[in-house]
Amino acid sequence: MTVPVTSYLLVALILFCVGLYGALTKRNAVIVLLSIELMLNAVNLNLIAFAKFGLHPAITGQIFSLFTMTVAAAEVAVGIAVLIALYRNRETVNVDEMDTMKR
Amino acid sequence: MVNNTLLSLITFSPLLVIVVLMFTPKQMVGTIKTIGVLGTLLPLIMSLMLFAGFDYSAGLQFIERRDWIKIPIGLDQNGSLTFFPIRYEMGIDGASMPLLLLTAIIGTLAAVGSWQMKRRLREYFILYHLLLIGMFGVFSAQNLFLFFLFFELTLIPVYFLLGIWGYAERERAANKFLLYNGIGSAILLLAFIAIFVQLQTVNFGELQQVLTNPDDPLSGYLSPEYRYGLFVALFIAFGIKLPIFPFHSWMLNVHVQAPPPVVMIHSAILLKMGAYGLLRIGINFFPDQAYEFSVWLAVFGLINIFYGAVLATVQKDLKMVLAYSSISHMGMVLLGFAAMNSIGFQGAIFQLVSHGLISALLFFIVGVIWDRTGTSTITELGGIAKSMPFISGVFLAGALASLGLPGMSGFISEFLALMGLFGAMPLHAAIGAIGLIFTTIYVLRAVLRAVYGPTPSRLTRLADAQPMEAIPLVVLLGVIILIGIYPAVLSDPLQKTLDSIVPVVTGIGG
Amino acid sequence: MSGQFVAFFILSLLTIGGAVFMISFTRVVHMVVSLGITFLCIAGLFVMLDAEFVAVSQVLVYSGAISILMLFGIMLTKKDDVEPKAHRNKRKLISFLLVAALFVFVFLGIQASPWPNPEAAPQPVEQSNPKQIGLAVFTRYVIPFELVSLLLLVALVGAILMAKKEDGK
Amino acid sequence: MDTILHYAWLIPLFPLFAFIVLVSFGRQLRGGASSVGILAAALSCVLALVIGWQSYQGAASEKVLVEWMNIRDTVIRVGYEINSLNAMMLVIISVVSLLVQIYSKEYMRDDERVPVYYQYLSLFAFSMMALVLSPNLLQLYIFWELVGVCSFLLIGYHFSKPKAMLAAKKAFIVTRIGDVGLLIAIILLFWWTGSFEYSEIFKTVALGKMEPWMTTLTAVLIFVGAVGKSGQFPLHTWLPDAMEGPTPVSALIHAATMVAAGVYLVAATYPLFLDSQTALDIVAYTGGFTAIFAALIGLTQTDIKRVLAYSTISQLGYMMLALGVAGAIGYTAGVFHLFTHAFFKALLFLAAGSVIHAVHTQDLFQMGGLLKKMPVTGIAFLIGCLAIAGIPPFSGYWSKEEIISAVYSAQRADLLWIAVITVFLTSFYMFRLFFLTFTGKAVSQAISRAKDPSAVMRIPLLVLAVLAVLSGFLNMPFAPLLENWQLAGDVGESIHFAMPEAAELHAPWLSVVSVLVSLAGIVLAYLIYVKKAIAATWIARPLPWLYRLSNRAFYLDEIYRYGLAVPLRGIGMLLDLFDHYLIGGLVQLAVKLANGLGGLHARLQSGQMQTYGLIVLLGIVLLLIGITTQGGVSFGQ
């Protein structure tokens, strides 16, 4: 008796929803970034679960999640760099105030 | 089949000019102008080669066909992917060749006419050549996809050419232009998608084959009602471009606000794309529906003729007169189409070419007059024939051509269009013929008042044409007279193409 | 109730708990730490799913690199490291409702879908997990792999460029 | 010598060549321009005379065609055709245009734009010659329009005078109305007979393949074209205004080119008319009405050229009347009158031109006593007047006599009355003109200094005077040379075929009556304007409205102006408002709507990234709802 795939999917769904909620409501840009990482992790979890329990189990899911991780790492690096640059110029990490492109 | 790349070369040769212009420093104004003008000779020369090599006994020719995009649309029985191929297909026949040649000629002459432009020349010429690509492409595309692509490609340069280099209210005119044509394009796109989804092909030849052959298995996919709807949609989409009566107001603004070379291009060629599309896609694919609709074509044509003519008689601005006269003349094209016989179609195509030449000539002259006097209001002008006899003479000649004087191209086209329509709907045709009187009235009123009559003192010292201005005038007038005296130059290449269009039209042949 | 279930239960509880704590803490540093726990537990879940290599990568990249990077980010922007308690209840409510709706629909979707029997899942093959991954990455996915390395390089350069203090300031 | 007919196509080419030379090098040539024009006209004149003689000798008619345009199976050909009718026309045109060009050399000497003037004249001559040489209706129409344009250009030659400009515009527009009728007729004929060729059309008509109503309709429409060009009622109003052009031009227009084209057209398509009695009647009555109508107006005009203009209209009406009553004699009479009229009307205009050149006014009452000062001009003018009044042995007598006898032969009493009354009116107003201009006392300084023009202008006058006397002898009742010539070809055959029974009724008394009536008109004019035995105002005083009606040409211009032009403008203005406000307004509305929607969307673009995210989420949720309520997406099998 193994854990059914739906359980993993459920955990991933909860993670995703929590991350989404965080990304939509938090004002500190760092936390928003963290929430996005959470969502990415949820996706990874799904990918890996499907790699084992999917319709066509294959190693591909794991490879995809690896790629996701790499991209996420890159994203975080650049994101933090942008934040720091922004902070230097505007003295804030508040998302609400980041609307220069609009103004 | 051996691919002939001449059409692609013509179409994309302006790209070379664009690249060269991009690397030319902004300050070298003279060089930019020279490149911009000489660059248009490239497609012109190749178009002339095309004209010389055109085989009168063949229909579609200079065909180029390459694989381009493959859209996967599903699995077949064997489980392998099937693709919907969109090919890069160019080709030309008797109906599009005259228009392509016209585009090349007007393209060069309007570039010469751009010599007077002053601001941001590099951008101007880049956009100008981009526009050329679009126009050449529309006339040589052989499938719906490419046609639409090039059709849209003309919108963007015109928008900027109009919005940046136009007269006082240029931005409004540009927005209106984009709004209208955007709507037209949207309808066009929907119609194209509907055709494509139902028939699984976008190639003109195949579509015609399928749509006009009742035995074809695919042909049954489209009910007559569906086809009628498609035809009407195409009519509206191209009608906006043409423009047909209730959709004309964008074109007035463009004609008044755009710089003279752009108006030349616009009224000489861009309007023609609407009529060309209506023939090539509307009538060619849905002949039965077009025949059914032909009474409406005639009615819309008559409305255009009279509406344009009557309004042209009360306009104060020369440009407005010419704009309304374009509406009126496009009505004649519709009459030619409505005839649904070879004479009418031939008349319509003649009218496209002829009006292209004439309106280019007249707008060019109005631009020249504006240059000298700073106005194009009829009442503020007058008597300039004293100081500018050459320009005035050509203007008068152009005006006479526009009102359909025999010996010039306008007559042949109007005569053929009316003659064709007389074979189908004598009453409508007779009413259309009366339109000729109205044309006379507004043309003479405008030209005589603007150019002849007593000379106000402030207009006594105007320079006559410079060589740079005289060249386009002489060339245009020469071509107009050539077609008027020897129409076979245009009609002979057409015959084979008419053979392919007309037999599929129900009812009387020609 | 096998050990597998117990492990799964604990891991998922910690995972979700970390995430929820991350959302509800007010101090930013606390948030990062709780998220670290989440990342670790996800690595545990990966192990349960026979993805050892990915689990290790998860620990290295997420729990290690990313969390630390975040901490650095917080330190460098340290001014208001407390999540401001602004009155954004309306926004929060709408967000919550929508997220909840999403949850419900996806949940229903998961429930409604037929899933292959987990028992029918193939037993792990003889090859070790890293070897499998290595084979796949260096044969079939070699181009994406190279592209990803390029991406990392670009991100590296870009991040340095952006975060670097501009001259004269 | 028979082969000379092969070169007929050269006749119009000489003036065309002159035109091209003048357009290209006119400014360099300056004074030489007139020589170029005259030389070309002389060459074609010589050739035309030779060809006319050949044709008169009975040379077979000749027709050459080349392909011009293909429309699938339809081939349109162009070429030229020589037959008796157009050989005669060529003679008229080339002679008159040569003389007019010579005359203009002196008349236009002080003008700056002489090369342009000769350009127009040459083009005019070319178009007219090419018109008569046309073997088919399409080609005829082409040159028909060109003739119209040339007259437009020449009438508006003094373009800085607003009046000249308006007159030119009017001429063009009014004749265009007729042209449209002709165009429709040509196209209808094409669809019914499958050809533009005269011969083909006549053949089809003769075979009775056309419905009678269609024959009538096309004939009437062709006649509408002729009405426009030949200044028949109600499209005659452009002709008096056309007097704004230089006087030699008026001579050309009125004698040989423009207005003759209409009569020529009816003559050339005569077999078609023969097939429809209705059409013939319309021609006859329109002609008759125009003749008397224009004569009535001519009575009270005070401008020397306007009197002549109305006399032209009246005489053209005569020709139409003759053509309309049909029969061999009617046809010949109409053509014959065209022939004689060309010479005496050109003479009258050129003589009037000399007067105007000398005294610089066109007002009759500013003249007087010029006979002594300008004897040559005066005599020439007198010859013209006698000819037009129909006094034997001047040419007008012979042709008018023939017309009247044709009407009599056709037994049309009403038309006969009209013809005779018009004879009276004509001789009265022509001699009123003559007496007021040339007899009596000199009124102004200018007149006392007036003298005959130089030889360059005198020679054309003399030549025309001789022709005005002699041209009538070509077709005397006892020696119908012209009739034999003109009826030799196909037209004659079809006339005999159509109405074999219409024998000519000889009525010598009729000719005496018409001469007497004409003399009565002269005597009346003499009594009023020379003897002053009868006050000039004896009718005008008791019936002032009658005088005004005649003087203002029955207010037809005003009627057209307020009946057509002004309403058209009004409609135009209304439509303009409609276009501007309604259609423009709708467009504005659409723009506003689009802008409003855009503004609404712009408010969503707050720049708040989280708001965007929220909206995306909303979209996803909606999509999910959509998908799940549509039955769900099944994963797996």
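Each chain carries a letter (A, B, C and D) given by its place in the written order, and its residues are counted from 1.
One rule holds for everything that comes next: contacts are C-beta pairs under 8 Å (C-beta built on N, C-alpha and C of every residue); 3 or more make two chains touch, one makes a residue touch a chain.
Everything numeric here is computed off the predicted structure, so don't read it as measured data.
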| item | value |
| --- | --- |
| Between the pairs A-C and B-D, the one where more C-beta pairs touch | A-C |
| Middle chain, criterion being Cα centroid separation | B |
| Approximate Å spacing (C-alpha centroids) for the pair chain A, chain B | 54 |
| Distance from the mean Cα position of chain C to that of chain A, given in whole angstrom | 6 |
| Gap in Å, rounded to a whole number, between the CA centres of chain D and chain B | 37 |
| Rounded Å distance between chain B and chain C, as computed from the means of their C-alpha atoms | 59 |
| Multi-partner residues of chain D (each touching 2 or more other chains) | 610, 614, 617, 635-636 |
| Multi-partner residues of chain A (at least 2 other chains) | 20, 24-25, 55 |
| For chain B, residues contacting two or more additional chains | none |
| Every chain pair in contact, whichever chains are involved | A-C, A-D, B-D, C-D |
| Chain D residues touching chain B - in the complex, by the definition given at the top | 67-74, 138, 141-146, 149, 156, 159-162, 165, 168-169, 172-173, 176-177, 179-180, 183-184, 187-188, 190-191, 568-569, 571-573, 575-576, 579, 583-584, 587, 590-591, 594 |
| In the complex, chain D residues that touch chain C | 610, 614, 617-618, 620-621, 624-625, 628, 632-637 |
| Chain D residues within the chain A interface of the complex | 605-610, 613-614, 617, 635-636 |
| Interfacial residue positions of chain C with respect to chain A in the complex | 2, 4-5, 8, 12, 15-16, 19-20, 22-23, 28, 31-32, 35, 38-39, 42, 45-46, 48-51, 53-54, 57-58, 61-62, 65-66, 69-70, 72-74, 76-77, 79-80, 83-84, 86, 88, 91-92, 95-96, 99-100, 102-103, 106-107, 110-111, 115-116, 118-119, 121-122, 129, 132-133, 136-137, 141, 144, 148, 151-152, 154-156, 158-163, 165, 169 |
| Chain C partner contacts - residues on chain A that touch it in the complex | 1-11, 13-15, 17-22, 24-28, 30-31, 33-35, 37-38, 41, 44-45, 48-49, 51-55, 57, 59-60, 62-63, 65-67, 69-78, 80-85, 87-88, 91-94 |
